[in-house]
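Only one structure is covered here, and it is reproduced in the block below.
Note that the chains are named A, B and C in the order they appear, and that numbering of residues resets to 1 at the start of each chain.
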Amino acid sequence: MLDIFSIPLPALFGQLLLGLINGAFYAMLSLGLAVIFGMLNVINFTHGAQYMLGAFAAWLMLTNLSIPFWASLVLAPLIVGLFGVVIERLFLKRIYHLDHLYGFLLTFGMALVIEGLFQWRWGSSGAPYPAPIPGGYNLGFMYMPAYRGFVVLAALVICLATWYGIERTRLGAYLRAATENPTLVRAFGINVPLLITLTYGLGVGLAALAGVLAAPIQQVSALMGSNLVLVVFAVVVIGGMGSIMGSIITGFGLGLIEGFTKVVYPPASNTVIFVVMALVLMVKPAGLFGQTK
Amino acid sequence: MHDLLLKVENLEAWYGESHVLHGVGFEIGRGELVTLLGRNGAGKTTTLRSIMGIVGRRKGSIRFDNQETVGRTSDFIARLGIAYCPEERGIFSSLNVEENLLLPPVVKPGGMGIKEIYGLFPNLEERRRSQGTKLSGGEQQMLAIGRILRTGANLLLLDEPTEGLAPVIVQRIGDIVRQLKQRGFTILLVEQNFHFAATIADRHYVMEDGRVVDMIAAADVAQSIDKLQTYLGV
Amino acid sequence: MKNQRFVVAAGLIVLALIAPMVVYPVFLMTALCFALFACAFNLLLGYAGLMSFGHAMFFGMGGYFFGHVVKAMGLPPEAGLIAGVAGAALLGLVTGALAIRRQGIYFAMITLAFAQMVYFFCVQAPFTHGEDGLQGIPRRALLGGLIPIENDLVLYYVVLAIFLFGFAAIYRFTHSPFGQVLKAIRDNEQRALSLGYEADRYKLLAFVLSAALAGLAGATKAMVLQFATLTDVSAAMSGEVVLMALVGGLGTNTGPVLGAFVIVAMQNYLASFGEFVLVIQGAIFVVIVMAFRKGLVGEIGDWLKARRKAS
């Protein structure tokens, strides 16, 4: 009676938890992509590399300076976010007037450079990062490692805080307004170029934060973000980039679907998100939460 | 005109390759209500946008409160105390009415309080939680005017606030603009609707082909009516 | 003017004919395969205004189809080439029909995602042999023994012929009324729609043709190098073909060919640098987008024009 498709429940919940964790990363990353695209009109291909930088920053700080995980959770996004600010000022700023595709190509090139450099220096095999919260809980129907539970909760809090910041605060109102009509917002006395730089820093910091959270779960490696960013693109196409809450729901939802597929038909688990994307394109090309422009 | 607030001299402006203003010059005293009249394409809107610093390229001089603003960015100009109400109103659809109203930051002391603005536009208070672009055209116009009253700016640039509105609403907006003048705001108004402009303005500048060609004081309007009709082609 | 162009074209063909006497034929053949691949990519970008970031799926699958037909099924290379083209065209039909529902940056992301799906499929599917790939694909003689392509020099001329065929096909297509309609759609889709053209069908046909030619390029590469691996279906390969077109000049006819030769030569030359090749490729992307958006052909063209004006 407890079996669905004759799959033992602990296995099902175990995979659903994994799916939820993946979904947490999809949500955090697609959120950042959407916010950046809204303001900069750039699809940030460097997002996966910046996620990797977050994990690497935490790992390097731990191994070289003995800075604990909890401090990295704050420091790594700040450092990587600042790096993003520099990139925006030096490069992205100069191409806003061009077709969106150039931003895509530019950030793709930067991802190659960053990932290539890290691969060259540290190789492509990963380094482990010790779990900051050891142990776990037996929930009766499954065993829940404490850190994984923390990641899901933390991601949820981060996503909701981002949503609140954008949809309910004054700075968020500037951001939404500048996404619609930057010229007018600037003519009201708001320093829009600074706002754009900060937005990019924020989106990049969010990617780095996801990277720090991922470090104890995945191996810290130069290419840890390169495949992830491609899946996140599919997530973004499925959700449409119009809505912050939409990105969050789509991210978590697709993670769950992926986890469920791993139980039901494991060979399809890698591709199921792309299949969903194909279905969404057939039914609602603008994406589940997108508006056709 | 003892106290000069804005002085525009030899102003030229371009949108990309097209040269739109060819040496515009006029001035506005503190507390005055001045209109720019002229046919479509005479350069009225471009003049406002040039003052605000949001055209492609500008040359010449625009002095506000004795400070040169040509060469400055629009956010700098706004913080000097100039506020802009665009022709297309520019209400943000991703913001509700109150967020729209609170969007322009306060740049100087002395702006109106939110209570006072709601007193002027009771409709907006009723609908403060609605999406900005769900309002009727008249309400959107009131929102576009209302939101620039809080900031402490003392020069308001209003671009065709009566365009496309019903006569009753036009009358309301006329009342409000008069009240704003009484409250001490200096106003530069672009209008197609001459009858509206004639009832409220102190002086009129007439534009043609990117230049100011004439100035008519309110007292002289009656005797200049023929001249005006040729200018405006009505 | 037209004469001049004819002389240049004839000169290039003579150069191509004697090149293998001077340059290592396998390098030339690889470069020609990538040149055809880049031209196929550029057809879609230059004439339909659609930038695919997933063209590796057609290139890589073309190679796999060729390898499977020739190695596992033991059929002659002609059958392998046809399978590569047909398979890639079919894949193009399915993915293209979905991808053209969005434009611009979304189109790029969607093609990228589909290519990633194909990549994951290839990692798992039995006939691609996963991480090992298809190795040791036999080189059998073409046309029932008439053309012994075991010989590198003979194979070179076959590959050159395939390239010229592909290049001519693109030229023919883009200079047909069909190509003109496609350009009109690219420049103003609303207007083309109002004139009664079904824009989506034109775009889809361009997509399928581009996919088929990319498949031909991939199959030819598998014939030359005798293997087909995951590298050719990876996102990095999709990026590489964009880089070739970008280096040569996006949307120009000859740019992609030049770009392919430059990048393949660079990879040969820098092979010993390992991971650094990626860094250099990335840096080229950045430099070109920031400073030389017209690519080699565009910049050289501008330079020539400026010189002509000066003299």
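Following the convention adopted for this analysis, a contact is a pair of C-beta atoms (placed from the backbone, for glycine too) under 8 Å apart; a residue touches a chain by one contact, two chains touch by 3 or more.
In this text the structure is predicted, and so the values were computed from the model without any measurement.
Could you tell me which shape the graph of touching chains takes: line, ring, star, complete or other?
Contact pattern: an open line, chains touching in sequence.
Whose Cα centre is nearest the centre of all Cα atoms in view?
A
Using mean CA coordinates as chain centres, what's the subunit B-subunit C distance in Å?
Inter-chain centre distance comes to 56 Å.
In angstrom, rounded to a whole number, how far apart do the mean CA points of subunit A and subunit B lie?
44
With chain centres defined as C-alpha means, what is the inter-centre distance between subunit A and subunit C in Å?
Each chain reduced to its C-alpha mean, subunit A and subunit C end up 32 Å apart.
Residue numbers in subunit A touching 2 or more other chains?
none
How about subunit A: which of its residues touch subunit B in the complex?
Where subunit A meets subunit B, its residues are 170, 173-174, 176-177, 179-181, 183-192.
Once bound in the complex, which stretches of subunit A touch subunit C?
Per the stated touch rule, the residues are 43, 91, 94-95, 98-102, 104-106, 108-117, 119-120, 226-227, 230-231, 233-234, 236-237, 267, 270-271, 274-275, 277-278, 281-282, 285.
Okay, in this complex, where on subunit C does subunit A touch?
Touching subunit A: residues 51, 53, 98-99, 101-102, 104-106, 108-110, 112-114, 116-117, 120-121, 123-124, 235, 239, 242, 246, 274-279, 281-286, 289-290, 293 of subunit C.
Touching subunit A in the complex: which residues of subunit B?
For this pair, the touching residues of subunit B are 52-54, 73-75, 77-79, 83-84, 86, 90, 92-95, 99, 102-105, 107, 148, 151.
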